[in-house]
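Same chain, two partners: chain A is paired with chain B first, then with chain C.
Let's look at the complex of A and B:
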């Protein structure tokens, strides 16, 4: 059943989108949230479940692909995503019936709401990641062999491109190259598929989950109570409450075309003496406790301020801070053999098998 | 050169000071230097999960670099009790070094290619092992020169700084050398079967838990020595067997039933002299027997001969029909008591373990007739059996009572059931049996019997009358011997019923 989203829902969504992508600067999320809230004053926003659509309805993923340039540094004009949807419809000769997030976290968790308001298309409560991954090929739709292309793109200066490539990894390379040429970011529409395909291969309830996370985080209640509710909602575990002792940039070699530099943060749990090491590239890929794997991508990790329970952005982490390291599992599809092949640490240049793979 | 200590024990501190780790930089060193027995060059983290303890883990540069990698490698290495982790020279944060310290594992950085360090170390470990092999070969030559079991065990013990070495059979120490340890010890055991499918015997070293001895090396030494132990044991057994021929012959010489020992001596005088038996010498015979024919009698003979030697008795032990026999020269009566004491203290417990008993003949001032003392010892051993395994019984303490040993208790019991049915059926049977038996033991004296049983005369008299009523023919002199025999057997059965079952349960051959 479709839901009319309220302004509070959007604010909670903003918190939830940041919670699931704590490694990334949240400025753009705030910019988009403000725009959405303003637009909602004149128009309602509908969140639909994929089951409500006709199985043959054409749906597309919308999302920003960035390469170096922060969106907040050069905000979009506003017509980019509509342009992409139009290009997609022209290319496929069919009308797009609904849109969904390319990634259910960070700015791409918010963008479909803005695009929904602009296009009057319903936003589907599903996505193909259940979180955010740096590569557009790292999707559950890819695991399900749903085609990524055609990909409609519109860049910083209004230039457009359509990429057609059957191999998702090749599509990734072409899109990355184009984004650089287009000015550092591009609005994109990709993974055009039927509602039935999305239903079979997508991750569902991801937008409402972000809203629920936001509700918990924004509630006027104790930190411990919030942790208990998050543990229940996300099956989360607090690995440690630890003090940051060391931050390292460029801590690993990288040659995989990943759109960020690797870094590491070392913390020390003052009650147990455990040494916790976070390996980061776009997001937290690996948590080692005394050298043993406590979490590894696709597991999700969020850092929280130990005093207030609020999300700690990696850019704001300083030596001496005390943070709580929270880990929780990603969508079940990611722990299949095909899922791990796309998203385990090896896919990020860390030659480690995910612990769940050895039991597979 | 002190041999066992000369076997090179490589450790991290030694290799850093003057070995293949000389070129590396210690990022963290554990306070005590870890032993090094192995080295692996790993190019995948998972490979560390399979390394053996005391291994130096060298990370290949192909694995990449980074603090996370070293952290994970340290963790895996710690889990596998590795000696140290060597990484390519790089700048590592205090956090990584802190983890090495937290886990207590040495972390070294190499300026050169870590593969080179691994190769150099492999060569060094190989060289150390070849020294071990050379040492083992030298030891094998030394131990092969020993011909007696005692010497072989002594050589093994000396090689291992005098630690306790023992040859054991089913938990029974047959022979040993070196110091018995009081404190905690590591027990290294090598299985050593004599012949095909033979009884399990083991060669065991008890090494102090000081870490001075390389336990793997101790095992290798035992394994190398094991053929010499077998050979010396076989040789000893063979020599004993040939020495025991005259003893064995005594039981095999034809003796007509009913003929006296002197007739036998007269008949075989020449042969006895040839066998080395001199009529003027005085001997005591000892007979060892088991309850039933033993499956591996030959093996048990070899085991018994070693035990026999442990009791410091030089006379050979012969394997004979129905048991084992030895004739021990004893010139004075007081020596017999010592001999009996020595057999009891040194052998009785082991005989019990093996489910055996022993009987000794009587010593006489006059030179004995050999067949007679052999028979005495055999009868004493037969009688000893009723008292359970481990019993050592002297015929001198037995005399004519030995005859009762040969009464078929089951048959006598059956006679009682048939001839004295009322006695057997009555409720206070045991009290009446013990009263009548005591009465007969004391030659018909009611007073003495009552005193023995701690009863009032009248009570005893009542029980005797009751026995008469139940059909026990107490007043027929011709039947008294049979009555006494029956009552003795019944009394014995009642007594055995009261005995706790553990009395017989320590026999090795009991199920």
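Let's look at the complex of A and C:
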């Protein structure tokens, strides 16, 4: 059933979107939240379930693809996503009936709301990642063999491109190269599909999950109570409460065309003395406790301030900080053989298989 | 000896520090103006301590924060102007009210420093006469990607100054943030405060020359350090909120703790900060909720809670600065410093000269990374020397490399802090051994 989102929902969504992608500076989320709240003063915003749409309705993913210039350093001027949707409709000769997030976390968790307000299209409570992955080929729609293209792009300068590639990995390579030359980010519309395809292969309830995370995080209650509620909602585990002892840039070789260079953070557990190691490249990919895998991508990891329970952005991690390392599973599709092939550590250049491989 | 001053519109509070010892407790002079209060305070201290005073550092944050902001023309450089009101850059209301006119200029760079659009200098020059003919004398210039290339900002600044060299200009690349609105906000606020900064610098300089001609005058910075007075006229935002850092530094100075944790009980709550190498641990932004952040290095101060992790191997300083002390401090805290000291003024007096390098670098591997980091450390040391530090007494406090998520491969952020003393100020700054004891 569709829901009219309130201003409080949007504020909680802001918190939840940051929680699910703590590696990325949240400023662009804050900028977009302000825009959305202003726009909502004049117009209502509808969050729909995919089941409410007609099975043949055309739906598209909207989201930013970035490599270089931060979105917060050059916020979109406002016409980019509408331009992408128009280009998609022109290319396919059909009207888009609803939009969904390319990745239900961080800035891409917020953008569909603004686009929904601008276009009056309903926003679907689904996405094809259930988190953020660095590559546009890392989606559950790809697992389901839903075509990624055509991909409509518009960059910071207003320049546009349409990419048509049947192979999602090739699409990723082409889009990433274009994004760099477009200025560092591009608004995109991709994975045009029917509502039925999204229903079958998407991750559902992902927007409302962000709102629920935000409700917990924003609540006037104790940190312990918040952790308990998060554990229940996300099946989360606190792997460690640990002090940062070392931060290392360029800690691993990389040649995979992934944006950004890898880095590592070493921590020491405050009570057990165990050594915790976080391997990072855009996202936290791996958590090792005394050398054993405690979490591995596609598992999700959030760092929390141990005293306040607030999300710690990687930019703010300093030697001496005490953080709680929270891990929780990604959407179920990611633990299939096809899902792990796309998103386990090996896909990020770390020569490890996900522990669930051995149980599959 | 070193003097710490705290200026208000009609008062001047002062304290004299010798090493870690307060030789003259805080006293406050009230008068009809800042100049009178300052003159009276320094005259009294001059009679008492004369030529023994080598450094005078003033906290001017309160005056800067309460003065009316000057009107500002905001020049924003980006490939395209906002298509609607929702997508226009927004700054906090107090600063927004100071912006009398916004001028958009086509231009900007990507993170590699390559132009996203050609700078439309011609269109700007066409608009320039109307900017210069108005009453506004302050301009803030912010360009997309100016952390990677300052070219478009400096060309616009040059165009203005070549037509009117009296204009006060602040360019956003002087303040590190990867967020346009943070730099825009900081540049606007900075230029809006320049006139006040100039006035304060002149007032302090005149009083200093009169009563302590041999002493060096500085203003307290938001990071717990200090900078020479002339910098107050060009970068006043760095002196806008020094007190949190001064409190942390002052308590640590009195306790003789260069590395560890400082807990301060105040009437409005308990805060905690950390000392590292004799200075407060600092962030490059002063965050203000969800609004634009001030791009100025400032001490990290958090509220203390019942969940605060206790670590026996880390030195801890606890100061109770509550006016009303009829009840014990909360959380079972036991003060380790005597009460009733103006620790913020101690921190102000003790502040060393600090400099920062915060910039993007392109690296091709680990060796390259080490080279650019080393170069940044040398540049930070050079910057400290330019501020007046003795080259033999400069220390690197922080030297970090940050990966940039979803950035261009090979581009990293390098952030280095150096601190030092003038040749006469070596008594407070911690020894190399003490600094190495940092956790």
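Criterion: the second predicted complex is superposed on the first by the 360 of 360 C-alpha atoms of A that agree within 3 Å, B and C clash if a C-alpha of one lies under 4 Å from a C-alpha of the other, contacts with A are read in each partner's own complex, and residues count from 1 in each chain.
Rule of thumb we're sticking to: a residue touches a chain if its C-beta (ideal position, glycine included) is under 8 Å from a C-beta of that chain, and two chains touch if they have at least 3 such contacts.
Only a predicted model underlies this, so the values are computations on that prediction, with no experimental measurement involved.
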{"item": "Which of chain B and chain C A:78 touches, first, second, both or neither", "value": "second"}
{"item": "Chain B versus chain C as contact partner of A:314, first or second or both or neither", "value": "second"}
{"item": "Which superposed partner A:282 touches (first chain B, second chain C, both, neither)", "value": "second"}
{"item": "Which of chain B and chain C A:134 touches, first, second, both or neither", "value": "second"}
{"item": "Chain touching more of chain A, residue-wise (chain B, chain C)", "value": "C"}
{"item": "First (chain B), second (chain C), both or neither touched by A:33", "value": "second"}
{"item": "Touched partner set for A:144, first chain B, second chain C, both or neither", "value": "neither"}
{"item": "Overlapping contact positions on chain A, where the chain C interface meets the chain B interface", "value": "262"}
{"item": "In the complex, chain B residues that touch chain A", "value": "44-46, 63-68, 71-76, 78, 93-95, 98-99, 102-103"}
{"item": "Of chain A, residues touching chain B in the complex", "value": "245-246, 248, 251-253, 262, 264, 266, 268, 273, 275, 277, 279, 286, 288, 290-293, 349-353"}
{"item": "Contacting residues of chain A [partner chain C, same complex]", "value": "14, 23-25, 27, 30-31, 33-35, 38-39, 66-70, 72-79, 114, 134, 156-158, 180, 183-184, 223, 241, 243, 247, 249-250, 254, 258-263, 270, 280-283, 306-308, 314-316, 318-320, 322"}
{"item": "Partner chain A, residues of chain C touching it in the complex", "value": "78-87, 89-90, 108, 110-112, 116-117, 144-145, 147, 178-182, 274, 276, 281, 283, 290, 293, 302-305, 307-309, 311, 363, 365-366, 369, 400-412, 439"}
